[in-house]
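The letters A, B and C name the chains in turn, as written, and every chain counts its residues from 1.
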Amino acid sequence: MSRTPESLLSFSRSALDELRAHAPLVQCLTNAVVVNFTANALLALGAAPAMVDLPGEAGPFARVAGGVLLNLGTPAAEQREAMLEAAAAANDAGTPWVLDPVAIGALPVRTALAGALRELRPTVVRGNASEIIALAGGGSGGRGVDAADAVEEAIPAARSLARQTGAIVAVSGPVDAVTDGRELIRVANGDALLTRITGGGCALGAVMAAFAAVAEDRLAGTVAALTVYTVAAELAAERSAGPGTFGAAFLDTLASLDGDALSARAAIS
Amino acid sequence: MSRTPESLLSFSRSALDELRAHAPLVQCLTNAVVVNFTANALLALGAAPAMVDLPGEAGPFARVAGGVLLNLGTPAAEQREAMLEAAAAANDAGTPWVLDPVAIGALPVRTALAGALRELRPTVVRGNASEIIALAGGGSGGRGVDAADAVEEAIPAARSLARQTGAIVAVSGPVDAVTDGRELIRVANGDALLTRITGGGCALGAVMAAFAAVAEDRLAGTVAALTVYTVAAELAAERSAGPGTFGAAFLDTLASLDGDALSARAAIS
Amino acid sequence: MSRTPESLLSFSRSALDELRAHAPLVQCLTNAVVVNFTANALLALGAAPAMVDLPGEAGPFARVAGGVLLNLGTPAAEQREAMLEAAAAANDAGTPWVLDPVAIGALPVRTALAGALRELRPTVVRGNASEIIALAGGGSGGRGVDAADAVEEAIPAARSLARQTGAIVAVSGPVDAVTDGRELIRVANGDALLTRITGGGCALGAVMAAFAAVAEDRLAGTVAALTVYTVAAELAAERSAGPGTFGAAFLDTLASLDGDALSARAAIS
């Protein structure tokens, strides 16, 4: 089945309604910098965040969560152990999980962890171009959390990674790209202010886990997450005087965004 | 002595003045998700937060703090050790301390820790209905941080827990309930937006520790904390366009709230 | 060379342009309370934050970063190890680094760490009066993060610390003081609201690391960081209704501040 932009938009509207109706429990093992913003983004959207990231708790919780996010931004030793536990339990229980391989490539601890998690076959992988290239096995990594590579250059790596692991792979950038290894969808929404607050990309990974909890079609669900998130950013930017007020306006917009606003703005191709 | 709503309101007004006059030092050992918002809520209110949660420092600091909060939201190994150290030192020095048993019940690591801390007899316990039922020894826990039970169903457990431990027990929900095991006070303020930002309940625990630092009457002090906090939420909600702007407006309101606004709104019974 | 207020202001304007043109990579090993606000302040200003604080990663990253911040607010064991690794690597690679000895004096774990880091000769030290006095070897420390001493009382200690270590030493307070052990510069900007949000001082340390990355003249660079930061606070306070809206307005102002606004407000002497 090849999806059309119209069918993806229609799916996004339904998935957003579904998410708000069911408030899926989204477990996040994420970095210390963005953990507050991520929880607030999930709450604003209508999901139920739970930042359960201790060994001994992360596994059992992943069995009952609707979706799980593993974000490698500040993976201290206890959290690394909890991530491996959560991924194994999620696989065992059939819980979808998202891997966000933050700043892998040059940094050895997280790069080794990302390799181990890749072997566990994440449901979705989200990263910038450099991170996706590094996780697919090439490249030398970006500049901290900034991509040194452009989205278009990462598309062969994204397709390859999707085929290797069975994951949906999303590459973030001015125009985002999502692939299952065969189809390639582009979403051209968003605003540069999303790169001027920390957690702009990280919270998107959590939102992808929330949509995976309500959408069996993983490719369409990932596109829905991306579209909702970046359309909200676009609308919020219009009401902001800078990155500080944008952060608050973005949460407000995630809470109020409806299907018609989504239809009016979505740029899926 | 049985307290009247009028005397509790009058006490709340005095306690708020007292708090602002003395800026009590409030030590928080709290979770990574809400630590920033909690410190900002204390600062806005007029208290002096200190997030001292390392073994070797937590105990000595608890001896000089005005009040201590132990919140079990993300209790990593080092923090668990520091919590036990802080509670023992607080007891030894006569420092009041608040226990917030976040998401206990199904999650084993924090449930064991909560059990150990209950034995040390906290001054105040604050939780949602499921958490209070679990700490009192019943129930199977909530759904992550969300309560599966209603406040009214938790009142027998709250009374029992208060009698077992000597603590003031506060159950959070649409209408909050506070008991010392004999009297039961209800506060019907607040706004649903407080549940759409992370840390809405967690920061309240810290505010209870701040009021405990200035109010010898622990029951009235806990009611004062609750009333100030939920009236501020009500006022802030009227000036908010959603959860993002609510977060900022709430901090502004905690800073500006005065006794007259408290009197005009407080719904204590 | 003795600097004039005029030359320091002119340097500040150029350094701000330089910073925005080059977006230096600023590595922060900082406390859990302020890590989000710190990253957002750096992003708003135009720098590229990277919160890399794991042993095994912190050292390699300090070799490629433009500047490094070590903030002792919540130094858990892994982070302490990473800080020593980062400082040694920064020295080896010639990367400037800023030490913020939060709440040292009475708290033993961080006081011992600060002593070890002082021996590694930080490029810049930033603290309140009590922290600077404690790091210079005197005093008994403040009240948690609050200074018990006034800026003026800390000036002899600041001069002595600068001469002992070769660092630029900045003492924060209503009027900030900066010294290299010989010259003493005062900056009289800022607003009391900066003390009503958490991280007001901590993020300043990160901004000093960002300016050190673009300014070879360390004394003038530190004055530039302080002036930009406190002028932005002054302007933001005029557009704020309290500490919550101030936090957002401050980030907006860091992003929009230009050289003319700096010249109109700067109070360097």
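One rule holds for everything that comes next: contacts are C-beta pairs under 8 Å (C-beta built on N, C-alpha and C of every residue); 3 or more make two chains touch, one makes a residue touch a chain.
Just so we're clear, the structure is a prediction, and the values are computed from it rather than from any experiment.
Trainee: Compare the two sides of the chain A and chain C interface and say whether they are made mostly of the same residue numbers, over half shared, or of different ones.
Mentor: different
Trainee: Can you tell me the C-alpha superposition angle of chain B onto chain C, nearest 5°?
Mentor: Answer in degrees: 120, to the nearest 5.
Trainee: Roughly how far is chain A from chain C, centre to centre by C-alpha average, rounded to an integer in Å?
Mentor: Centre-to-centre distance between chain A and chain C: 33 Å.
Trainee: Scan chain B for residues touching two or more other chains and write them down.
Mentor: Residue numbers touching two or more other chains: 32, 36, 247-248.
Trainee: Across the complex, what residues on chain C touch chain A?
Mentor: Counting only chain C, the residues touching chain A are 25, 27, 32, 35-36, 39-40, 43-44, 48-54, 56-57, 60-61, 64, 78, 247-253, 255-256.
Trainee: Looking at the complex, which residues from chain B come into contact with chain A?
Mentor: These residues of chain B touch chain A: 31-34, 36-37, 73-77, 103, 106-110, 143-146, 195-199, 240-245, 247-248.
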